[in-house]
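You will see chain A twice below: alongside chain B first, and alongside chain C after that.
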Partner chain A sequence: MHIPDGYLSPATCGLFGAIMIPIWRRASRAVKKTLSVRQVPYLAIGAAFSFVIMMFNVPIPGGSTGHAVGGVLVAILLGPWAACIAVTVALVIQALLFGDGGITAIGVNCFNMAFVLPFVGYYVYTLISSDSPSGSGRRVIAAGAGAYVGIGAAALCAGIEFGLQPILYHTANGQALYSPYGLNVAVPAMVLGHLLVFGWVEVIVTALVVKYLQKQNSVFFKGERS
Partner chain B sequence: MTLNKKLWIGIGVLVILSPLGVILPDQFKAGTAWGEWGLDEIQMMTGYVPQGFSRLSELWKAPLPDYAFQGWKGKDLFSMSFAYIISALAGIATITGVVLLIGKVLVKEHE
Partner chain C sequence: MSKTLHKRSDFIKRSMLSALVFLKDATLSEEYANRKGFLQSLDPRIKTISLLAFLVTMISLKSAVLIGTLYGFCLILAFSSSIPIRHFLGRTLFFIPFFSLCIVLPTLFSTVTPGDPVCSFNVLGINGTLTRPGIDGALLFVVRIATSVSLVVLLSLTTRHSELLKVLRIFGIPYIFVLTVSMCYRYLYIFATMVENIFTAVKSRVGVVSHHRHGQNVVAWNIANTWNRTTQMSEEVYMAMLSRGYTGEPRLLSQFYATPKDWVWLLSSLIICAGLFYSGHIL
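Coming up: the complex of A and B.
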């Protein structure tokens, strides 16, 4: 889901960069207000986790590959704004050090994976877990469902961003200037790949870690009824 | 053992397992992620290289391109797995540093 340089027009990249600036500002303020000094190491672990889980490329035999993002788990444990910061740091380092995701596409990749994914996932999780006890199985299921919907929503966004390019930007003879595949190809490719295959890694990892932490201690689930 | 330590051990296990991310796609003959093809792949798939794409796609030279060392593209799986683990460690060290720095700037003791 890491859109490289050259797939989206500079205008598209600029637009998403502009959208992300107030989101990052708000995320900084939220983290400042809600996170304690004691929790900062967990934010680092969350960012490291997101980074390394994205390295697990899952193959579709004979086809493409994809991976989980880990952002929904961080959102459930530390809140969606903290997850936004954690995944943003992971994405920026991936782009700069490893060329994974474009430099010009940092804004749009952060929109998909550091904003849409954790927020959608988090709200699905809170909706389903509702006021269930912190150690309940319902929370584990809610975490898995949040992971699934979150990564699906992010993939849908990426598909739409890719798919709009040839409609908006092409030469007089119809050749695309940037990403060459329209919505009819890009959206199903992104969404189906993630809902059928890669998204399940996000579901399993999210649900398993939530289950593990329920048993360990509920420092992460404080503020929620136990 | 503190929870913090247990979680870092978990990250360590993921680092050791991370070469699965290169080995499995190789074993199942899976190619590039959708929408992350290089110049030559786009040329092969569509018959041309989009003009804007060729202008922007090589904008940035990453120090560890695709989680490997410069010029290692196409090396054997063992070498790639080694480079992958080194990349994971380098990435995690950098990210941890950046987040702790952000934490230092943003988060002050409330009480």
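Coming up: the complex of A and C.
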């Protein structure tokens, strides 16, 4: 899901960077309103937590392993706006310090993983969980469904971004200048790959973590307050 | 222990490895950043602007030759910055560029990219024809990815991570955001160590997790537990911040100083970028 530098044109990267600026601004305002000064370290530690989730390898049938992105889980725990900032911080650190995801593509990656993924997932979660009690099984199912739909939506966005490149940016003889596959290849490749394999890892991690936090009687579902 | 059980306990090993790779990468980067070299001697702000200018210029170029020249320039910069070339090539040519090469392989053939045929072959009764636009497109794509990875690796290997995060200020990013990024980076060390300890404990106490469903429960329980420890820690950190005089308005202590050498480098970089951009339009 992390798009490296060079896969997308500078215009695409610039456009998504411009789209993300008002989103980050809105997120900062929303977080200032909902989190007190006391909770500044909470946001930083939440960002570190969203980075660390990717270090946990989850066993999947067949003996292989995968890791979750955790965007929807962070949105359920911190609220969608705080999750937007937390995941952005994690993506900035990954791109700048570890070369995971491009620097020029930071706007696009943040749009997919720090905006679409947590927001779509979070609203699916709130829609399904509705006003069910915090310890109910419905919330576990809602968390899993949110994670699945969230990662599917983010993968769809990434597929469209890749697929538009050869249509918009090519030489006179039709040679693609950036990502070479059109929408007919890029969208199914991204969406099916994520819905058939990675989406399930996301579902398992998000649903089980919510279940364990319920068991421990945690009152950490901050998202419900914002 | 059966082979299957070994395979299924892999997630413990891989999780430990993820944490160790993070810690190793971070330590190794600091080691290179502390060496004496050309890029290390530059002001982090100037270095970031110049390398980003190269990155943006390179992404705008449509000629594989010009981008290849820029890759050669990256090798010179790596050499002059005391980064072993073997390590640099390993970091910049494997994984992302190799993965990208695998992605573009089908575009080499006439079935995906029609055009002038370069050569045809028959393998196991399947005919294939490589085309000129296919080869040119794939070459441009892979060279661009390798060069962009090289520029980012040069930046991250020659700058202390703490300084690199503070450089975000020059882009007008609010202090509170820079503070969050810096704090987050410090906690990553703690959490990576925590993940490693968790799985070392699981391995030493359980040995092998026999079924993937049980393994998933182990992982989920540990993520939930990490979250609980996270929230406890945030309270303690806030108390520590208060005791050191935090009033709600963050202040960053270290300042950067640019020397004439930095300005000369910035000017030279911008001239090279303009030259590449101009050449890109002519070619």
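A few comments on the model shown:
We take it that the second predicted complex is superposed on the first by the 193 of 226 C-alpha atoms of A that agree within 3 Å, B and C clash if a C-alpha of one lies under 4 Å from a C-alpha of the other, contacts with A are read in each partner's own complex, and residues count from 1 in each chain.
Rule of thumb we're sticking to: a residue touches a chain if its C-beta (ideal position, glycine included) is under 8 Å from a C-beta of that chain, and two chains touch if they have at least 3 such contacts.
Since we're looking at a predicted model, the values are computed, not measured.
Contacts of A:Ala48 after superposition on the shared chain: both chain B and chain C are touched.
When the shared chain is aligned, chain B and chain C each come close enough to touch A:Gly6. Of the two partner chains placed by the overlay, chain B and chain C both lie in contact with A:Gly102.
Of the two partner chains placed by the overlay, only chain B lies in contact with A:Ala158; chain C stays clear of it. Legend: residue contacts after superposition of the two complexes on their common chain; A:Gln94 is shown touching chain B, with no touch to chain C.
Contacts of A:Thr171 after superposition: both chain B and chain C are touched. When the two complexes are overlaid on their common chain A, residue A:Ala186 makes contact with chain B while staying clear of chain C. After overlaying the two complexes on the shared chain, residue contacts for A:Lys211 are found with chain C alone; chain B is out of touch. Once the two complexes are overlaid on chain A, the chain A residues touched by chain B in the first and by chain C in the second are 4-7, 9-10, 28, 37, 39-45, 47-49, 51-53, 55-61, 63, 65, 67, 85, 89-90, 93, 95-99, 102-104, 171, 175-180, 216. Those residues of chain B that touch chain A in the shared complex are 3-4, 6-8, 10-11, 14-15, 17-18, 20-22, 24-25, 27-36, 42, 45-46, 48, 50-67, 84, 87-88, 90-92, 94-96, 98-100, 102-104, 106-110. By the touch rule above, chain A contacts chain C in their complex via residues 4-7, 9-10, 13, 28, 37-49, 51-61, 63, 65, 67, 73, 77, 85, 89-90, 92-93, 95-99, 102-104, 171, 173-181, 204-205, 208-209, 211-213, 216, 218, 220.
For chain A in complex with chain B, the residues that touch the partner chain are 1-7, 9-10, 28, 31-32, 35-37, 39-45, 47-49, 51-53, 55-67, 85-86, 89-90, 93-100, 102-104, 158, 162, 169, 171, 175-180, 186, 189-190, 193, 216-217, 219. Against chain A, the residues of chain C that register as touching in their complex are 4, 7-8, 10-11, 14-15, 18-19, 22, 25-26, 29, 52, 55-56, 59-60, 62, 91, 96, 100, 103-104, 107, 112-113, 115, 133, 136-138, 140-141, 144-145, 147-149, 152-153, 155-156, 161, 164-165, 168, 174, 176-177, 179-181, 183-185, 187-188, 190-192, 194-195, 209, 212, 215-217, 219-228, 230-231, 233-234, 237-238, 241, 248, 250.
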